[in-house]
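Just so it is clear, A, B and C label the chains in written order, and each chain counts residues from 1 on its own.
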Amino acid sequence: MKASTVRRVGGRLASLFASLLIALSLAFLLGRLSGDPTATILGPLAPPEQREALRHQLGLDLPVLVQYLDYLKGVFTGDLGQSLQFYQSNTSMIADRLPFTLQLVGAGMALALLVGIPLGVLAATREGTWWDRGASTLALLGQSVPVFWFGMMLVVLFAVKLGWLPAGQSGSPKHLILPALTMSVYPMAHIARLTRASMSDALAEPYIDSARARGISTRRVIWRHAFTNAMMPILTIVVLQTGILLSGAVAVEYVYSWPGLGQLALQAIQFRDFPLVQAIVVFGALVFVVLNLLVDVLHSIVDPRVR
Amino acid sequence: MSQLELDPVTAAPPPPRRAGRRARTSVFWLALPLAVTAVAVFVLPLTGLLPERGQDLAATRQPPAFLAGGSWAHPLGTDKLGQDLLTQFVSAGRLTIVIGLVGALVAIGPGTLLGLLAGYFRGWVDRVISILIDAQLALPFILVALAIIANRGSSLPVLFLVLALTGWAVCARVTRAATMAIRERQFVIGLRAAGASEPRIVFRHILPNLAGTIVALGTLQVGTAILVESALSFLGLGVVPPMNSWGSMLASGQDELSQAWWIAFFPGLAITALVLLVNLLGDALLTHHDPRKRRR
Amino acid sequence: MSEVVETGVPGDLARHPRTPASDTPVLEVDDLVVEHRDGGTGAVFRAVDQVSLRIAAGESVAVVGESGSGKTTLAMAATGLGPRGQGDVRLLGHSLSAISRTRLRRLRPEVQVVFQDPHGSLDPRQSVRSGLRELRALQPERTSWIGDADLLGRVRLAADLLDRYPHQLSGGQAQRVCIARALLMRPRLIVADEPTSGLDVSVQADVLALLRQIRTTTGAALLMISHDLAVVRSLCDVVHVMYRGRVVEAGPCDRVFGAPENDYTRELLAAMPGARWRSRR
């Protein structure tokens, strides 16, 4: 590896690590600002000795700096603390719920790609026509609708009125259809808009004209030449959106009573279970950083100049 | 949960007449319905045309007037306590619009300032602010919002704090990129040669040239603020009774979906239409100020 | 080619407040090195490599070379307006590395720059008049010698252009406004960075004539950055030929163009549009 490459990768890692550290510190701060957790657990009427014992047990009587370092150590060894509400390890609860959320995000993202990319390509290749305007407005509509409301309306139509699909819970593939559809709306719109923008940039490049001039078919020009060049930003946004959805699916999971991470977060908040809230926030930040690294790696694979 | 993906916008001389006029027309036709809506929700309650507030347990869950069983006494129907939904809808709309506007302001204010400083001064200022931006964007923002609200309780100031925290980073990133593009322009060097101070260059020259971008950014941020508010209120963590926004109306409609779907339908439709218009307006403004996009 | 400044047009001398003659060189650059670091790859690129340069009061000096040879970086570093680099730069006798921020700001109006892209050199949000008003507010004493309308007259623009915005001006008009703005400051050094290459051919000659006239009337020194040898020849006393960040040849215009010593200079003379001019001699 060249020195400049080492430098670049090193710099990127350092800045990612710095943001991660700030994010972790903020999450810690949020947890500490929540007041006395012993009051939440034991109730306001508990005798002081009992609260003192619990404080000791939770390590809250230690200096804040020691608590902070312990917390950081925990994060990097995979120990995200204990839930106040479920008396379980936060890490294992997150691990239990993650598959459900992954299922939902995976299905939603697949749907978003399947519809979003063709929609964006359609708009870009017919720029300025009614096709373009229609597809673009549809995409903007997808970014303007409150997704959970869209989900509610799907429930009214397909579960309440028509009775074709179940309205909530999970279990069968049928249960996945409505939540995944709801989940896909926002990333679909985002992907369609981005695809349109990068495709129309790519189509404006001189090599496209020269490819056409060499008699290469329009379809091949669009997919082989323009699309491969437009793919990088799309890939980036897909990876980053996945990160956002993994921790941000709260409202959708709530609408469908989907037993994923979002529901867990909501329960944690309702019961003021701050160690669990903090653990989920930390998990989200870790996911984000890992996905960002993934994006960097993808960039260097697709675009050899970066290497 | 809108992510703004904006290109760094370069300051441009005002567009040629023709394109300028077309952009202005489309901005006008987008702004008009927004203005009408805003005026309507503020003026209608003063006219006395709206049905009375109070409960009417004899007329609960009435459908809207245009459905079987509805009546014009309650054009949008009633909720489970027999309260008129149109009256609620109008007053909720007022709060939603106020939250959208204030929520955008509290985000673009600090965001623009920090982006401006980072983009102009570069060096360590830029490094610190960029790390803050990255850290903010690294936190799963809906969870942060939830954590703050769970901590501090639901109130309007907390809601604005959340909207500021979740919105500033995107504004800062876009402003930073745009500032970096402008500071390389030769007129900045010319001003420096004339002995202009750095604050003068930043606030008297770079900021005015960013005005278009900032207005567009702010407009898009209004849409984001409304969506975030609606999601939080829907989860019972934003606007809570006795106050009412379209988002909190969705929350109360959630339990009634199988019996009275219209309670949730109209506020959601209104949010969608409002945010769509705001986004179209923001896009039009952005295109108006970005010469590269206007070309297309 | 062009004579010493003091023998300029006498009629104008009486009206134009001339810069006091002085023995201190306007600009002295010794062994200047400016490096750029690529933010992405971290690679270091030496844009200006050990360049020395001297401009006496009222002298007209050109730096020529192909694009990317470091001409503009040199000019920006030498005037303290861009990245500084290492090496000693003395502006009117003050070393840039030792000067305080406040002193530098006071010194700055002594050097004015005219760029290639006249529209980029004007704030798009400012009318000509309000731009001039700002300059006057920044340097009240320096700028009180002439009114707006007269100033525009000096660059042969009608006073009714004062209320126009940059996008309402043609390239030539905008460049004249830029020259007027530089003129207003009564600088001792004008840096002209490819001042005509962004303009239509028909306007180029006018702008050059204007620059030449300004030189003779104001007595300001000129640092001309160009790749157009004909332009340089018509305007400058001394020329420095730059290639890949280094000055490969320097000397009086007549000598360098008439009997180039360096291979690159010869190549440049043969390849550039100014070549026809050599055959004319």
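Following the convention adopted for this analysis, contacts are C-beta pairs under 8 Å (C-beta built on N, C-alpha and C of every residue); 3 or more make two chains touch, one makes a residue touch a chain.
Just so it is clear, the model here is predicted, and its values are computed rather than measured.
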Specify the chain with the shortest distance from its C-alpha centroid to the centroid of every protein C-alpha atom present. B
Where the centre means the average of the CA atoms, what chain is farthest from chain A? C
In angstrom, rounded to a whole number, how far apart do the mean CA points of chain A and chain B lie? 22
Please work out the Cα centroid separation of chain A and chain C, and write it as a whole number of Å. 54
Take the average of all CA coordinates in chain B, do the same for chain C, and state the distance between these two points in whole angstrom. 48
Partner chain B, residues of chain A touching it in the complex: 15-16, 18-20, 22-23, 26-27, 30, 33-35, 127, 140-141, 143-150, 152-153, 155-156, 160, 186, 190, 193-194, 200, 237, 243-244, 246-248, 250-251, 254-255, 265-266, 269, 272, 274, 277-278, 280-281, 284-285, 287-289, 292
Note: in the complex, chain B contacts chain A through residues 1-3, 5, 130-132, 134-135, 137-144, 146-151, 223, 227, 230-231, 234-235, 237, 247, 250, 253-254, 257-258, 261, 264-265, 268, 271-272, 275-276, 278-280, 283, 296
What residues of chain B sit close enough to touch chain C in their complex? 11-14, 185-187, 189-197, 204-205, 208-209
Residue positions on chain C within touch of chain B in the complex are 76, 79, 81-82, 105-106, 108-109, 111-113, 115, 117, 119-126, 134-135, 138-139, 165-167, 178, 181, 185
